[in-house]
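Both of the next two complexes hold subunit A, though its partner changes from subunit B to subunit C.
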Partner chain A sequence: MSNGRHLAPRPGFVLDVDRNSPPIVFHHGEGFRLEKLPAGRSRVIYPAEPLEGLTDPDGAIRHALDNPIGDSEPLRALLHAGMKLTVAFDDISLPLPPMRRPDIRQRVIEAVLDLAAEAGVDDVHLIAALAIHRRMTEDELRHAVGDRVYDAFAPDGRLYNHDAEDPDGMVVLGETPHGEDVQFNRRAAESDLVVYVNINLVAMDGGHKSTATGLSGYTGLRHHHNVHTMQSSRSFMDQENSALHASNWRMGKVIRDAGVKIFQIETTVNNDTFGREGPLALLQKREWEWSTRDRMQFLAMKAGLDVMPSSAKRKIFSSWQAPYALTSVQAGEVEAVHEVTTANVYRQHLVPVEGQTDVLTMGIPYICPYNVNSIMNPILVMCLGLGYFFNLYRGRPLVREGGVLIMSHPTAWEFHPVHHPSYIDFFEQVLADTTDPVEIERKYEKQFAEDEWYIHLYRNSYAYHGVHPFYMWYWGSHALQHLGRVVVVGGDPAAVRRMGFQPASTLQDALEMASDVVGPQPTVTHIKNPPILMADVS
Partner chain B sequence: MKALQFRRNLPRYAAARIAGGFVPGRGASAGPLNLVDIDPPTPPGPDWVKVRPRLSGICGSDLATVDGRSARYFEPLVSFPFVPGHEVVGDLDDGSRVVLEPVLGCVSRNLQPACPPCADGHLGNCQHTSFGDLEPGIQTGSCHDTGGGWATAFTAHPTQLHRVPDDLDDSAAVMVEPTACGIHAALAARVPDNAVVVVLGAGTLGQVSLAALRAFAAPRTILATARYPEQRRMAAALGADLVVAPDEVRRAVRRATGSRAIGAPAIGEASEGVVDRLTGGADVVVDCVGSSSSLADALAVVRPRGRIVLVGMPSEVTLELTPLWHREVELVGAYTYGTESLADGTTRRTFDLATDLVRDADLGRLVTATYPLSRYREALEHAAAAGRRGATKIAFDLRDEKERNDL
Partner chain C sequence: MGQVSLRVAKARAMVGRFGFPWQAAPVPTGVAPAPSTRQLGADYDTAWARRYPARLARAALLEGVMRPTMSAIASPDRRGLDRLDDLDGPVVFVANHHSHADTPLLLTSIPEPWRHRVVVGAAADYFFGNRFSGAVSALAIGAVPIERTKVGRRSADMARDLIDDGWSVLLYPEGGRSPDGWGQEFRGGAAFLAIRCGVPVVPIHLQGTGRILRKGRTLPRPSRTTVTFGDPLRADDDENARAFAVRLQAAVAALGDEATSDWWQARRRAHAGTSPGLTGPDFGAWRRAWMLGDRNRGIRRKRPRWPEL
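Here is the complex of A and B:
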């Protein structure tokens, strides 16, 4: 079948590349590259096609609220007049790209508020659980919760961004048996009920991480957002083998034991990232199934993008909103809910893959969780490639220990000064000194975390917290430890070298450079992401 | 004798300016500098002695002259034709090695009584420059009567000469004069204890200033700017705690001082997170570049009531002085050397301090390459591109010049 929709979505797929295989589309920032992979020793992992969405999302949400999972009463039974209710929700980092209206959060929050209104609950606050991410703008908040909710709650200050540096707004609820401080939003801690509204895009999201991370601050985050945790996770996308999640789960227990009652609402979306129609639809098709029209359309789009200024390209891509469909919604007790959520995420993302590869290639797209309406700076390129994509595995990494990772991205030496001020300094000062995560953590983290100016910008402007670029670097520390070399195709050589990686002009050059490390005729695996896939490596 | 001579020749001066604008140092090929055979200078007085240079350094001010970039300020302060070269280690006829303290003060000019600064040993501040028995010229190397170091011989007043200790080789000795400049700047900076000091520029002046700041002040942090890898390495070796690229200095000083920052408002763009200038900043900035850009950086990163020391020779600059006024910043020059007052209340000649510092900090290693006079064009282009080519100080080596031994 060469075009159109299939009767049933096809699962993920591993293509063995032969001489007849067409060139493969690599994401390359706000552009694309067509790459021919070596025949006979290469394979391409394709994501599953989008699962069918729920036909009645609002009905499914109401059903979930009335039929909770685990040790929880239905939401309406937990609501009563005179109570203090806090609704916390995932921030701008989810989903990616932002989804078309109505956002799932809007649907869920409206359903929750309807029940609260029925129960006569007046004291309701809505908090964007952004931890130390940047604050959301009014437009972004409106997009997430809808105009009706925004106009009802924001004007009198009942809808706002979490502020992890507000000295009066944060409390420490206790300490885990591992000595981890559990820092929490005071309003949430003092509420009779916290309803958390999640969008679970990848397996890392959700569970206790929603609140233990999303409503925390540096005092709490440093216990799991660190190099040791990242290097001890296999991987942080696999919560069963993730030290990051283990820490969050310990913190979740402390939160619960401190008397904070959480009603968790988790949702999953399908893989319909680029749509079944429209200019980007062919990114969800497999190359050998492209029609002549697809090929013409792609070549025209690529030619246009290749000559377009980066600011114009950024504007075009930033305007893209994914037609994601809701594939599941479940509510109730955190851990029970999350177990079902994770199964639904895996249902969409997991692709069985046999064995590891010598060289892993990946095209890095224009967006990651931390550059929505912003610039994908080099640190975020590293984080997306060596952090998120590398860790999208269960079992074993896709690439063998000592193997080579080849990323494709322009990696421009460019930063958004409003959103990423400390990133600039991290890139200029810290990486100029060392790229070793352990050394970076020891020598620089505290200084950046406590820098008054960064804190001021985080609280009053739209800046990521001063310590955030450190976490981005730590996110890639497992990969840095595991890999023999990292090569970036088509990147700014100076920026690539600053990160300790090697620049290459073409994929062929990169493969030759890889051969220096892994030997001649290496096996090559390309992870074709996004749409998102997670390799289940046997 | 053989000498590089600079003549007054306006068309060639213009050609040098154009050529130097394309390729720094290229003014040597197009301009009024020529390798010539001339008579040795006639001693202006009975006390004057002949110096036969061994090594003679190329300084930033020399390059500005060669490339036609010198300020017009100097026009009445030089006498043509002149032989450049003021960083000199040479031999006297009695076989002793000396370094030249090139400033031509009242004593050299045979002016009696000496002006107050000269009387106090501050020769660089002489109030009688261009008067007396000598033609105009603030230093040997810009005065027709004395000749200069880019020759096989020149003449010097004995008070200009300092004997070189035997343990200093020629490379070390030729660094004494620029090092004295660095020491004078470091002391003019009046660095408070525990201060944050910024040194802009990592050429010769930047490097010796770093060494001097480490030796004669007690700052908490010295932050230096350097454009090239070798400059960065050397700056760190000589005492900089942090070395950054010039365009990174504002953010780096903000971090080092814990200051907040202000971004200039731009139409349609947010200014938060942009670092145009600091609200606090460094206690002292030592500007070893002297350009509009470096001075703008200095004013952007110095704290209110902080001090900027201008060491690099400026020409005409364009500068927004509002911050100087608003933040009550001191901007002081640091020209050459003389006599220094030290923290312990003693006074010493800057050249004596410099001799010690050159030895202690091994500053002779800054001399990266030497050339014979006949290859002066290459030498000057190398000096003009020193940082990029991994060099710091380029010098003429006259020890094997045939004419030198015939004199």
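Here is the complex of A and C:
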């Protein structure tokens, strides 16, 4: 870490742990643990330092709009008076944590609307493309698009959340060769031009997924948000080997063939999750590079967090906004744009790693895409660990087949009653019966997906759709299939057992449990994430 | 200001009764008076007000007095500060000018890192007409004297030197407070300075300060205000000060449109060249006043109804 000096950012690397290696900081929900890993057989994968951001983000955005990639005219040429324009944008789940103002979406949307104003476009709608996520509140929308855009469009209903359960607001555009229904937002489908504004945090985001998923509903999503797709993806973060990606691409082609013209604007941010200065900056530093001040700060912070009630801790962490910087912006035809975007994501995230490990350890942080301003419930802990972090690989999984995954998180039996009502029933009813994703999908999915009360809460309150906890569970199905055991350190034993995992009080206990599965003296790899890294496993 | 001068004159007259040496001796007849050493107006030296003790005092005054006062009487709604996020180094801030409340409102609205390193261009003939008001202006708001009645190199050179030293400058290109609630044509000084120094200009629109302390009023009246910061502008390579000043005026007018309607409508009118002008329609005085009321319709104060008998 540069300590404020402007040195070239260092790439990610793998530390081989020896007796002199310091204890490693593990994320542990709204707290931290310092863990000593076994010397001689452990390694720690560190993420790359934040790349330098673009010096003139607004200039770069204007340049991207005027110089599109692929088979597309400049945005200026696509806009004309009398047309119907829809601007769709990523929802609250991106980026994580939410970024400091001005949000990239605001910058891009203002640039797009400025061109639309110049062209005299009257009919403009802005839609938060949230698929079956919860609706964004006014405050969250204001943060994403900025006060100027919100005040101009929201009061008369031209800026709103996508509603996947609105019978009049959705349309099926067709079917892919694989028999997948392509469901789409009607306003977007009937527009002369859809401009999609994306923030690409990880390699899975963006491309056709932006519209084929973001502006879709259960009818379309069920074709790729299922156990088979997840278990067929190696991994869903690696586009070349992702069945999820392939399905979205097939749907994207159907959308295009149906005559929907999409101008895709994709952006990437750097790894500056916790800032170069400030109370959390030490989380971006390597432990041996901590200054005296960092160490004192960590001790004080840990002591304070250890005695603080969880609601207070949640409030503190939820208020953190990342000082992300824009590292690239590209616009034009979806597939050509996404190719460049993915290269830029990899430029920041990929870390070469040699070989697999017996035991993979990870500290689960306080936030995932589905608990922004909310509670990280046990299902989301599973989804983040076994879904997102496990799948952050290219080539082979970091842990060998039959290996053990050790997560560190309090995993409290706690749910946000407004945001996650169906999660509560899923946890109490479904997981009490079975934790097998295939069985869950077969037996319970349809019932939750079509439940009138959940649909009502999704449409009128701020609830995730009834089927959403199922998708979270499916997200981890590749890991569940691959692993021999999952152990959660420091978690609520009852909640951990409900999910079919094993609780452990300390990392040493967890490693003991792991050796029952993988044998004595196992090799251990710790993935130090976030800031985000993606292992390129050879 | 006139009353202050009157009081100073009365005090002098009182002291003058005691004669020399309480009062300066008159110049003997037939002797040429020595050249005046009084440095007032554009010659007033404000360097002392930019040294650390004075800056500290000004910061305390700004945060301890001006900010709560402005919160109480102006209830400012500050918009567009995010437009300054990518800006670095000294800048020229230009704003429309309605009231003596404009400067404290702006000084409490301009964000860091400029807030405590900004000087305010103040009319040399008005604020620096005597030592007392000059010292108070320099200390309280960091005022520097700017000639507005004649073209002089001194003001321009001083402003340039300040920018070279890393200070930002706040100027009111209209040259004085609005006489009738509408804006006035921008003069070229701010644009000239920005071109000469190669720094960006941040246009700012103030809405509502005219109701607090408009020209001719001595006591402030609380009212809601809106401060809208615009995108920083730079002069094009082949743009002269006059053309740049016109562009700055248009930018402030577009911000005024944004403050009274919304950003989207304002952008559309700006692109179509139909933004409402800053200076108002070219009508007679009463019609201008009438239209001004219409423009401020959304935030006019409610009057008590006539009591029912």
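Throughout what follows, the second predicted complex is superposed on the first by the 532 of 538 C-alpha atoms of A that agree within 3 Å, B and C clash if a C-alpha of one lies under 4 Å from a C-alpha of the other, contacts with A are read in each partner's own complex, and residues count from 1 in each chain.
Simple rule for what comes next: a residue touches a chain if its C-beta (ideal position, glycine included) is under 8 Å from a C-beta of that chain, and two chains touch if they have at least 3 such contacts.
Nothing here was measured: the structure is a model prediction, and the numbers come from that model.
Chemist: Touching A:Val269 in the superposition: subunit B (first), subunit C (second), both, neither?
Modeler: Neither subunit B nor subunit C is touched by A:Val269.
Chemist: Could you tell me if A:Gln447 is touching subunit B, subunit C, both of them or neither one (first, second, both, neither)?
Modeler: After superposition on chain A, A:Gln447 lies in contact with subunit B alone.
Chemist: Scan A:Leu96 for contacts with subunit B and subunit C and give back first, second, both or neither.
Modeler: The answer is neither, since A:Leu96 touches no partner chain.
Chemist: Tell me the contact category for A:Ile406 with respect to subunit B and subunit C: first, second, both or neither.
Modeler: The answer is neither, since A:Ile406 touches no partner chain.
Chemist: Could you say whether A:Leu78 touches subunit B, subunit C, both of them, or neither, answering first, second, both or neither?
Modeler: neither
Chemist: Which partner chains sit in contact with A:Val25 here, subunit B, subunit C, both or neither? Use first/second/both/neither.
Modeler: neither
Chemist: Where does A:Ala432 make contact in the superposed view: on subunit B (first), on subunit C (second), on both, or on neither?
Modeler: First partner only, subunit B.
Chemist: Show which residues of subunit A both subunit B and subunit C reach, each in its own complex.
Modeler: Of subunit A, no residue contacts subunit B in one complex and subunit C in the other.
Chemist: Which residues, counting only subunit A, touch subunit C once they are in their complex?
Modeler: Residues of subunit A touching subunit C: 56-58, 101-102, 106, 110, 113-114, 117-118, 120, 124, 146-149, 151-153.
Chemist: For subunit B, which residues are in contact with subunit A within the complex?
Modeler: The touching residues are 242, 244-245, 248, 251-252, 254-255, 258-261, 263, 270, 272-275.
Chemist: Okay, in this complex, where on subunit C does subunit A touch?
Modeler: Residues 79-80, 82, 85-86, 258, 262-265, 267-268, 270-272 of subunit C touch subunit A in their complex.
Chemist: Mind pulling up the subunit A residues that touch subunit B in the complex?
Modeler: 416-421, 424-425, 428-429, 432, 447, 451-453, 456-457, 460-463
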